[in-house]
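Think of it as A, B, C and D in the order they're written, each chain with its own count starting at 1.
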Amino acid sequence: MEETTKDLEGVVFSHEEVADGFRFLQIRIDGHLPCARPGQFVQIRPSRTTTTPFLRMPLSVSHVDRVGSTFGVLYDVVGPKTRALSDMNEGDRIDCLGPLGNPFPDVPDDARPVLVGGGIGVPPLLHLGTHLRSTGMDPILIVGARTAGKHLPLELLSPASEHVRLATDDGSLGHHGFVTDLLAQALKEEDKPVVYTCGPHPMMAAVASATESADVRCYSSLEEYMACGFGVCVGCVVERRTQANSPYDQFTRVCVDGPVYDATEIVW
Amino acid sequence: MEETTKDLEGVVFSHEEVADGFRFLQIRIDGHLPCARPGQFVQIRPSRTTTTPFLRMPLSVSHVDRVGSTFGVLYDVVGPKTRALSDMNEGDRIDCLGPLGNPFPDVPDDARPVLVGGGIGVPPLLHLGTHLRSTGMDPILIVGARTAGKHLPLELLSPASEHVRLATDDGSLGHHGFVTDLLAQALKEEDKPVVYTCGPHPMMAAVASATESADVRCYSSLEEYMACGFGVCVGCVVERRTQANSPYDQFTRVCVDGPVYDATEIVW
Amino acid sequence: MSDAQQVDLSTRVAGIDLANPVLLASGTCGYGEELEPFLRLAEVGGIITKTITPEPRSGNRPPRIVETPSGMLNAIGLQNPGLEGFVEHKWPFLSTLETKVIVNIAAPTVEQHGEMTARIDALGGVAGIEVNISCPNIREGGVLFGCNPRASADVISTVRRHTKLPVIAKLTPNVTDITEIARSVVDAGADAVSLINTLVGMAVDIEARRPILGNVTGGLSGPAIKPVALAMLWKVRQAVDVPLLGLGGISSTQDALEFLITGASAIQVGTATFVKPGAAADIVAGLGDYCRKAGIARLDDLVGSLKS
Amino acid sequence: MSDAQQVDLSTRVAGIDLANPVLLASGTCGYGEELEPFLRLAEVGGIITKTITPEPRSGNRPPRIVETPSGMLNAIGLQNPGLEGFVEHKWPFLSTLETKVIVNIAAPTVEQHGEMTARIDALGGVAGIEVNISCPNIREGGVLFGCNPRASADVISTVRRHTKLPVIAKLTPNVTDITEIARSVVDAGADAVSLINTLVGMAVDIEARRPILGNVTGGLSGPAIKPVALAMLWKVRQAVDVPLLGLGGISSTQDALEFLITGASAIQVGTATFVKPGAAADIVAGLGDYCRKAGIARLDDLVGSLKS
């Protein structure tokens, strides 16, 4: 990707399974430096695609390697689109539209970033954590998964944080329970935390409510079904909490108005 | 394939380009000996297929290797289905329904088989020629193509005949002109020829008319759009020449009533 | 599988006892014989014959089929041996099957539907009659009846008068308000309603600049039309009280479940059989698995379980 | 490319001079601004705005979209800034474009269509008005007009009375006889007819046993519906004499050609833009190539060239 948003054809640079079902895909687009910022996403699909699967799939950019001139996505194989993606081999061509959406806002200088991710919500936080560390910050990364095998390996998590805290629903790794338990602890420990979160809806709703009660700022990156990904279909909406003056503004488009929102803006 | 017609999953055993666009695909079905007879076909598609392409594609069985327990098809990449097929790699799984249709009838003992093929009609004739030679016959094989590059290589043609005669529309290889010219010559030379033909409709119509005038028996293997391939959709019909007593019999299903017909039965 | 986990897929639809709710749709399984090598017909709930008409029909000129995105168009034009041809050549095989056989009929006039019905009723052993008032590929009858509530009712009440067998009306989606047609056939005595038949469609050969199909237009079927079929099922479910047989693009267990949950008492597998002759049997197995996993003991607990 | 080979893709449709016959369909290109980074709007023949209504609308509850085989369902529900919001926030950008801008409108009452038309006419610079009497996702207006020939005619004649701009009626495929609606809108003064809008469809979440869309049903679009759109175009082509704007599943040059050959004077690219934002521009280029190869000098020689 160049410095502006474009629709370009890339090539699969590497592709491997990194956890149970989770795959890491690196893409290179000739002549274009990757430029996605943390929180931004791409709309991708194999270039040689039929009409089923039909639409592209939005995936957060998890890695940007400006030296190798590649960018990476991490995805879980959950349905037809991700299954088709998982069939791609090195050298195969892939349509990439992006970078799309708004990045996570900057962290105030004196604040401690606390990143809370679950499932397919972890990838954008890896990008964010790595970026924050490169600016001298020291983020905490809290990650939840159903079970140990679904956790990304530490070599993928650790570049994003020196303080990785894991939870599993079944207790097979790390804290037995939800990320919100670990979040509550972190909020107690930290003087001036700012929370960044992405994950399944119930998790993000719980994080939003915990941070609101604690009066801590929380930025949530939402994942909604998307058709276009660039604002024209008005399909990817969520409801705004603060009623605007026009009914036109009741729903906000996650792809162009988000995907990152202040958690208090949204009806969870 | 076993001795009866079945729907089974096979595996790509080998797959290579053998002429311009033409590919040779060998399939093995574990635990099943291939049993297609010359003229029979299979309905195949990659096992991991979406709904586009949707229907299977009928391909004539061009090779049967009972020792290696594989069967082969030869196809030209002309559209979405054959393109999807061409993406298959060794070890990929492929749904195979067959063998379907009726084989070419036997050659009378004292007759000389003359096989006339064009384009994607050549594969079933290779199977037929190889079979006839294994029974001690000495078939003549006449093959037409648009241009030299579209001709199958001799190592594929020669097992089917020691007398391969080539024609190209553009004169780039063999006889400059149509297979019917070469057929006319063969009919003149031979005492008691029987013609077996498969190819584009205009070619087969010309062959049918030439053999009919010469009062030579001709078996034509037809290729029509198919949905099911086993007789239930009534989609693959051609018109019968001899009007039957019931309108129900005006059209005949190529998949189960054919694909091989006495050329005089059909309205060309 | 322990007995405790056994799921009862049997169901009674419009007075027909089915071993399971998966039927083969008319026109996609012939008269059974060609399919038997690939699919043990005893494994499906029932088979609905290719439409028969009073007289034999040659059908339309080829090409009759063309593939489209996630579907296909057909313009067969009801090639069939006619009523007597059916009785003589097709029924003997069908009558030996250990599955329910529903005979699908169409006729150019209202009266002929009655005559056909009487003859089929007299065969003995037929499980029910499905009336095709929805074929888009013929010039008389078919969809011309099915697009008009009055004409639809006339056909169905005529069939009704000629038999005590269950009568199933098969509806076309090519109408402004399918609930109107559904209501009128139910009022006319239909015991059940099948929906949907194919959508009218067309394809063009851009090189020859001609319609691909010999009949210019054809009927669209396959996965492409599944959303349309489901929406119509959902609407008709709220409009009438008889059992509904859902079809249109069902290829997988997941598809079948969408229809059952939306309110189909049974489903029909059509075009999918062309792609995978064993599709219907696979769906029967898949329904059992789903019910076991979801803790559903009887099919009836699933049918129409859609929350709103 | 030498000048001798130059193909003239320009065309005049219902009095609108188009640089080429490829338009962006309503609701799939917003109000242009978000698309401009991916598609130079000056390259397409025209852009048709997302439907605007008299008052701002919030649209339906999410989920609003779901993918289906070779297509998608949407139940946006005409979220839009309303007429005044459009004039204030969207028109300033649109009015600077070097392509034709057609404004698409819908309203709950017949009269309001007239008021909207007058206001849009007064903007100056609008190329035409497309009237959406075919939206399946709203409770008042939309398809309720479009399914009824009388109501359709009332809306169109009201719009007609309020402007000298070209008036285009956009028809729904969810009717028994689209030619009847087409005739009545033409009689009421429509200069052109666009067809088709989406087919009503539905999808079910089998785990939650709920409809996937917040609005239960939605509109089916994409390649899946192309055969239906072509058949309707072919029928309407024989029924009325005004130019037709064809759409429904057009994703490629090949698709566009099918519509042009069948008789569309121009085509619209809808859902395809979501998958490939530059699709419309690719089609413009592809049409040029096809005409060059086929030896067609002017677009008009292609339109309606279907042999029978």
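We take it that contacts are C-beta pairs under 8 Å (C-beta built on N, C-alpha and C of every residue); 3 or more make two chains touch, one makes a residue touch a chain.
Quick caveat: nothing in here was measured; it's all calculated off a predicted structure.
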Furthest chain, CA centroid comparison against chain C: A
Between chain D and chain B, distance of the C-alpha-averaged centres to the nearest whole Å: 46
Computed distance of Cα centres, chain C from chain B, in Å: 35
Centre-to-centre distance between chain B and chain A (centres being mean Cα positions), rounded to whole Å: 53
Sequence positions of chain D contacting 2 or more other chains: 68-71, 222-224
Multi-chain contact residues (two or more partners), chain A: 50-53
Chain contact topology (line, ring, star, complete or other): complete
Parts of chain C lying in touch with chain B, wherever the complex brings them together: 27-30, 34-35, 37-38, 50, 55-59, 61-72, 74, 76, 79-82, 85, 222-224, 251, 271, 273-278
Interface residues, chain B side, partner chain C - complex: 4-7, 45, 51-56, 95, 97, 224-239, 246-248, 250-251, 256
Footprint of chain D on chain C - complex, ascending: 68-71, 73, 147, 174-177, 199-204, 206, 208-211, 216-218, 220, 222-228, 230-232, 234, 249, 254, 257-258, 261-262, 290, 305-308
Chain B-facing residues of chain D, complex: 69-70, 223
Residue ranges of chain A in contact with chain C within the complex: 50-52
